[in-house]
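What follows is subunit A paired twice: with subunit B in the first complex and subunit C in the second.
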Partner chain A sequence: MNRVILAGLLSHWRRNLLQLITLLAGLALATALWSGVQAVNVEARASYDAAAATLGEGRYDQLLRRDGQPIALATYVKLRRAGWLVSPVVQGQEAGIRIIGIDPLTAPGDLGPVQIGEDADLQAFLSYTGQLFANADSAKALRDLATEIIIVADIAPGTAITDIGVAQRLLGKPGQIDRLIVAPAQPLRQAALAEIAPELSRQVAQGGSDVARLTDSFHLNLTAFGLLSFSVGIFIVNGAIGLAFEQRRPVVRTLRALGVPLRRLILIMAAELAMMALVAGLIGVSLGYILASVLLPDVAATLRGLYGAEVAGTLTLRPIWWLSGLAIALGGTAIAASGAFWQLAQMPLLAGAQPRAQVMAAGRRARWQAVLAVALLLIALVLAFTAQGLVAGFALLASMLIGAALALPMVLDRILAFAQARARDVRSTWFWADTRQQLPGLSLALMALLLALAANVGVSTMVSSFRLTFVGFLDQRLASELYVRADSDEMAEGIVSYVSPRVDTILPIQSVDVTMRGQPVEVFGNRDHATYRDNWTLLSSSPAPWDNVANGTAILINEQFARRADLDIGDTITLGTTPLDIAGIYGDYGNPIGQAVINEALFAQLYPNVRPARFGLRLDDADVPILVRDMARDLQIPETHLVNQAQIKAFSVGIFDRTFTVTQALNVLTLSVAGFAMLMSLLTLAAMRVPQLAPAWAMGMTRRSLGRYELLRAVLLAVLTAIAALPLGLLLSWALLDIVNVAAFGWKLPMFLFPAEYAKLLILALIAAALAALWPAWQLSRTPPSDLLKVFSNER
Partner chain B sequence: MNGKIAVLALLPTAVFAQGFAGLGTDAEGFAIPRPDRVFDFPTDHGAHPNYRIEWWYVTANLSTKAGEDYGLQWTLFRSALAPDEGDGWTSPQVWFAHAAVTRADAHYVAERFSRGGIGQAGVTAEPFLAWIDDWQLTGDFDSLNMRATGPDFAYDMDLVANGPLIFHGEDGYSVKSASGQASYYYSQPFYDIAGTLDLPGGEIAVTGQAWLDREWSSQPLADDQTGWDWFSLSFDDGAKLMGFRLRQTDGTSYTSATWIAADGTSTAYADGAFAATPLNSVTTAGRDIPTRWRVTLPARNVDVTVAAVFDDAWMDTTVPYWEGPVRVEGSHAGRGYLEMTGYE
Partner chain C sequence: MLLDATAIHKSYTTGDNVVAVLRGVDLSLDTGETLALTGESGSGKSTLLHLIGGLDVPDSGRIRLDGRDIAALDDAGRAAVRRGTAGVIFQQFNLIPSLRVADNISFQARLAGRYDADWCDELTERLGLREQRDKFPEQLSGGQQQRVAIARTLASRPKLVLADEPTGNLDEATASAVLDVMLSLVAEAQAGLLIVTHSEHVAGRMARRLHLAMGQVA
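This part shows the complex of A and B:
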């Protein structure tokens, strides 16, 4: 019995192969975009986690020297002898790989992903030759080292772990310790750190790696994109299912008339859809995997360049994707089909399948849709003024986007009605009326297009604003033409005396890590100089902020610190025992922690042991390459210690271009999906259109001009949709920059507009719509006259 | 599995941890104990890095003024991956230590690790200092200060010896199996001890007797030996008894004992003279552990029942074992310490 019913139902797909393809393709594309983006995110995060686990960063408190110098072995032993359970780490670069040396005897138990299992052996690990644990890529890079290399997949990319003794030898840092990891459980009767090693400062665990938090912004973009792409896809699926159910009404009617219970019918249809969802889901996950592996190298390059975060350039196939991909396909189908099922359950037993009835039903649906749209937009409006925090930010995004999408058909209908009322001749009246009549059938595709366009406008505004701000910020922060780093105090003195006669100004750069108001803050002691006064833009300030900083009574803090510690201009904070007025708050984009600036003299008084190890040099741009060459030659300063401002900027811009590659690839993909939705809607509508167009043809319109009108109509609707998408996209980017970003990262990005960018998008949308309409229009213009005549000869 | 534990499970750790991890009879590169050694003090109180394993092992039976019993352990082990000392971090000497405090209803344990060569742990003979991190045993061997800390306990004790060193087996050459495995083994069982325990309930003043064992070797267990039961008993009449039983895979055991008279004269007893038989077992840490024993040394008319002060004195360390204070009743009454290893 079930088989017969299923066969009856399935026959519909055989007759409407295109619809089946639409359904499967829409679902597969939605799943692909979603799982592809998720794959990229998951892979990147897995890399950060591996890195964090490798380094113990974030999970354990650490001790570091305030001046950034290595920690002496004697200090380590002194700490241990005083009852401090700390474990030494040394690290450095070798063949482009970060070598991390740990002491397995004192490292906290779960430090490092190295599961030195049965086949490992401590004797070899601790031996003079030693063992290096690394992933396959790193192992390849390190193969020339005279050390046994053991390949372990879950070691962070670009990292190798070995015993501290071996690492010190390989890195040429005998006896050196870079930092100490503090074990979570410490014994009783421990002396205070300040008594044993006052030169060390304790860095509190942050419960997550810095890198992961830094790159959150980037991943948030990707996730938002994935989600939007998925909803675009779901719109297509919803359209296809809705249409199929409408068209199958006669079958359903017949089956029910033959006595098939409604419940069984619904179950069988649900099973049919679930099957399709599984097939489409499998295709989607495979496509997503391909998408992710194409995108990942670019994403990896972006993250590496932008944040120094190492992400493996290759993808690991994780079972969780298959499952989550299939789940999202099933879930998406369920959402898309719920309306259709509800209608099926409500349908009077003998309701016919008539296009007009469809439109009437659509009219009823439209009213509900309008109510829902207005409700959602109202919620969005309220949230826009009140939203604080990530969840509210995302709720705002969701209600705004869905509300706008649902409102779109109504708005378009009003516009078309307005045009129709003003039409002068018969032909244009017919054109507007016919367009309105077609709107319900196309509305889902148009909603998809709206979302795709809005997402594009929103995300590209955000990324471009970020780029502009960041480059401006680099101008501010890298005001000096050349930066040079010294390894020791002698080297610093050598640099100062060498460059003094050759540059306009030397600006020493010095900082300490402190904790203020419970927040980790980097305090800089800056020289009072025009470089800072002229270049630094303060987001807000008291009168004469620089003068007050110069006379040692005021402090400047970054936006993150201000927001997190709830500080504002005029508040007073204490550094050591010195009370300081907050004279200004500056933007500090991309920095995960707080930062503050005080005057050089005050800094020297508060932290007499800290010497500047970096210097900003002001000189003529043209002289930079010569000075770099001379310093390298005369002072033997390694190239890595010299940073040319122009180079940094070029590098940063290059990285942003990488980000754009990723963003643009996704832009094109979402637009293609929307275009595809349009094509499918037009194709499925085409068959129903014949009876509507036949009278127009009979009254003398050529098939050719009918085709032209079809094309024109599609482009017109796309243009109207694109115009609606622009403000929506801008609202979207406003919400991302002003609410989501602040909630997620603690700083607000100024928003910039990019009209040329939007014009380009508009043209792209038109091209997509025209391409989508081209084939149906061409088909229409080639409809055999006999088909058109048949409309009059028999009542289908 | 926890990475570090996995690493350390591979350590050729200590003799008491049953005959695993390649602690067999081959001792390539390591010196092997020979009979007729002439001990040289204070040098021999220090480390012997050309032997594979070595320990400084203090146990004490303590009482408060109110008569409450406490047990205390301070142990430093040296386990060499290769003979002799190396430079800095490349040293092949691995040090680890266990400290514990036991009373009738609780057992506190802490553990430390270090490698040699860097100054974090080691033993010097003159002046005598055995240390790892903030734990130490220091003095002139006849009078010592002993400290250890854990996350939930700490102690600080002073020890004063009022008797001679005791050499086990043949003048300190202690045979451990029929096939000839042996170690150098001497003790100072005559310490009076006094100090404070810092426990979660507050500081407690205690006094009592302590027993220090020194032992080093390169191949202490035979292949067919699975663990041991070691007794150090101090009788109320001033006499003391050290006896151990090495369990063998065939169900038999190899025993050895030293009788120490109150005046400090000692007599060694070869395999078979001493016997220890489990009377009751308890389940602790998922293992059946005998915490009540019948111990006999007929040559000295000893027939006593030895019972744990606290059954759950399980040392939940990287290499786990049972170690705790005991009460002695029967032909002789007294107190002592019991160590049991190799119970799986």
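This part shows the complex of A and C:
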């Protein structure tokens, strides 16, 4: 019996191929967007885990010097003799790759490189030339090194592992130890660390990768966007399933009248849908894989730019997101179909297939929809004033977007009713009335369009606001008109004496990489000058911060370092042996690592061997090209060493723009899916339009004019939806900037408006709607008169 | 006795009003017997037919069909009755629009597990549907669609055929031809036939007639 029932049900799809395609395509697109985003997330997280496993970050306690200086070999030996099971690590950069040197004989057993080492030749690993373990990309970057490179996929991106001796040689750090990894199992009797090495501090394992924690908020944002795209797709599925159930209502009634039990019918219909969800899910996951492959390089750039997290730029096939993609396809179908199944279960056997049943059902649901919309919008209103933190921020976004989407059909209906009441001639009266009648059938597609457009307005406002702030920030920070780099101390001295008479001020730029509070920090020794005092905006500060920095008692730190190390104004941190009060925290957008600024004199005292290798030169803008030309000629300074402010800004803005490519790409995709939803709804409705339009045709309207009205109707509804999307998008942007971003990134940004962008989006929505309506309208205008006449002959 | 319905009551609620459609109807039918159920619109004819066919349940009373009280059965039990014992021919045909004529005809027989290809072919032939086998219902005229609905019901060899105004949508000549075929096939199958009709002509062709008025047998 099941086979007969299934054959009867499936025959519907054979006769309504378009509906089947809509359903499968909608679900596949929704799954593709979701699983594409998830694939990116999973890949990034896998990279963090690989990094954590490779470096032991988060998994093992570590010993570091309090002043951030290297650990003496003697200290390491003392610790080992005192029974401490510690293993030395040295690290540094070479050809843009982080080289990590470990000691395979003392490293904890499950530390990444040791596991890798099991497959390797230990003797070769420990030899003078040694072996480097790296993934393919890193190996390519390091190919010029005189060391054998073994390619291992599990090594974190941008990282290479080798024996500590080899690393010390490659990095030019002979005998240097940067940190000591503490094995989890230690002897019971052990001298206290303070007795053996008081200069060391123990950094306790945090049970996970720091990078993973830092980037959680970014992935949450990405997931939220994926979910929004998925919801837009699910609108298509919901529309297709709803229509299919509506059209099959007479068949369902017939099947039941012929003796098919309701429960079995529901089970078979559910199995039928599950089958389709699986097929669409497989297509969707495959498309998602392609999407993720395209997006991943830009996401990797974003993560590198925002957090300094290294993520592989290529995608690995992982079972987890294949499964999660299929699960989301099945779950999405279940959600989209639940209403239809509920109605089916409640439908009395003798309930007829009433004409305009869909319209009537929509009318019945309208009241509940209104109640739900108002409730959600009220929740959003309350959250707008009270929300703090990511979860509340996303709850605000969800209630605002869903509430607005649910309210849209009612708002449009009221607008159309208003227009209908003011219509003068019979054609326009008919047009407005007919448009209102079409509204229930199109409402899901319009809701999807509203969400997509609002997301576009909201996210583009946020990104553009961010961009403006960032450019403003660059103007503050890159105040010097020209920057020059020296290769040696002699060259630096030559530059200073050459430019001194020709510039207003020379600002030496000198820095050293240290570890403070377990964080990598770049410490700058700045000259006390108005360039800094006047241009740098401190987010928070103690009284007279610049004076305190100038007299060597205070330090300024960037926002990232303050957040990661949980530091605030008034806290004291020690640099070398010098305790320094935190006098100010400054915004440092786009810098992945911690940064601190101390006075030039204190810097020289703490790091006497570090000389400034770069200089910022203050001079008249007009004199910059002449000075560049003269320095190149007289001092033989290569062009690459002379960078003017405008070049740096262009470079920085270029990096910034790339970091948000993924957001823009998802925006365009979501809008495309909404356009597709519109097309499919119009195509499906077109088949039902003939009986509605036949009377108008019979009374003297031409088929061509009916087609034109169809086109006009779609464009009009899209324009009304786009107008409604604008305030919604701006509210979305406000919530993102004022609540979500503050919680996610720790940056609060001002909001700017971009009317030209919004006008462009409106035109885009208009074009999308016109394109979506073109084919159905053309088809309608070519409906043979015999088909229109059939409407009347069937009425007998 | 194939069908024995006693003291059937059924009412519907419309808004605040309760409308009593059937008020203590008794009815019986033997195997091979034909019965016309007549009455004015709203007299309860179709409701009674639906109750006998297991499409609805009475408020009170007993309906014994082929030895089983179908009013006491659950949804699945009544569905089994509709599949195997009582076949309903609807006024609006209720064909499955996405299936071809041949598939529509064999559909209920397959559901009931009584599919007989030869019998289906014979029905197709005798009901004049051979040329229409591969067409979809929308491509047929009203008379042809009604013949498909009759063939579909008879293909499953039900013991009782219930027909609700089967010729109500047809012109006189077509209606007469359809009725001829239906009666001869029912007689051959030794099935009972209960037909709801407004037509005196149709009622006159049945062995017995029962007139309903105000929900009671007049």
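Just so we're on the same page, the second predicted complex is superposed on the first by the 511 of 796 C-alpha atoms of A that agree within 3 Å, B and C clash if a C-alpha of one lies under 4 Å from a C-alpha of the other, contacts with A are read in each partner's own complex, and residues count from 1 in each chain.
Here is the rule we go by: contacts are C-beta pairs under 8 Å (C-beta built on N, C-alpha and C of every residue); 3 or more make two chains touch, one makes a residue touch a chain.
In this text the structure is predicted, and so the values were computed from the model without any measurement.
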item	value
Partner chain in contact with A:Ala185 - subunit B first, subunit C second, else both or neither	first
Subunit B versus subunit C as contact partner of A:Gly8, first or second or both or neither	second
Which superposed partner A:Val597 touches (first subunit B, second subunit C, both, neither)	neither
Subunit A residues touched - subunit C or subunit B, whichever exceeds	B
Subunit B versus subunit C as contact partner of A:Pro104, first or second or both or neither	first
First (subunit B), second (subunit C), both or neither touched by A:Val237	neither
Contacts of A:Leu85 with subunit B and subunit C, given as first, second, both or neither	first
Contacts of A:Val251 with subunit B and subunit C, given as first, second, both or neither	second
Partner chain in contact with A:Val77 - subunit B first, subunit C second, else both or neither	first
Set of subunit A residues, in rising order, touched by both subunit B and subunit C	none
Subunit A-touching residues of subunit C, taken from the complex the two chains share	50, 53, 55-56, 75-76, 79-84, 88, 90, 94-99, 103, 107-108, 110-113, 136, 142
Contacting residues of subunit A [partner subunit C, same complex]	1, 4-5, 7-8, 11-12, 14-16, 250-251, 253-264, 349-350, 796
Subunit A-facing residues of subunit B, complex	1-8, 10-11, 81-82, 86, 88-90, 92, 94, 96, 110, 113-115, 118-120, 131, 133-134, 149-154, 198
Touching residues on subunit A, where the partner in the complex is subunit B	73-74, 76-77, 80-83, 85, 103-107, 109-112, 114-117, 120-123, 125-128, 163-165, 168, 174-175, 185-190
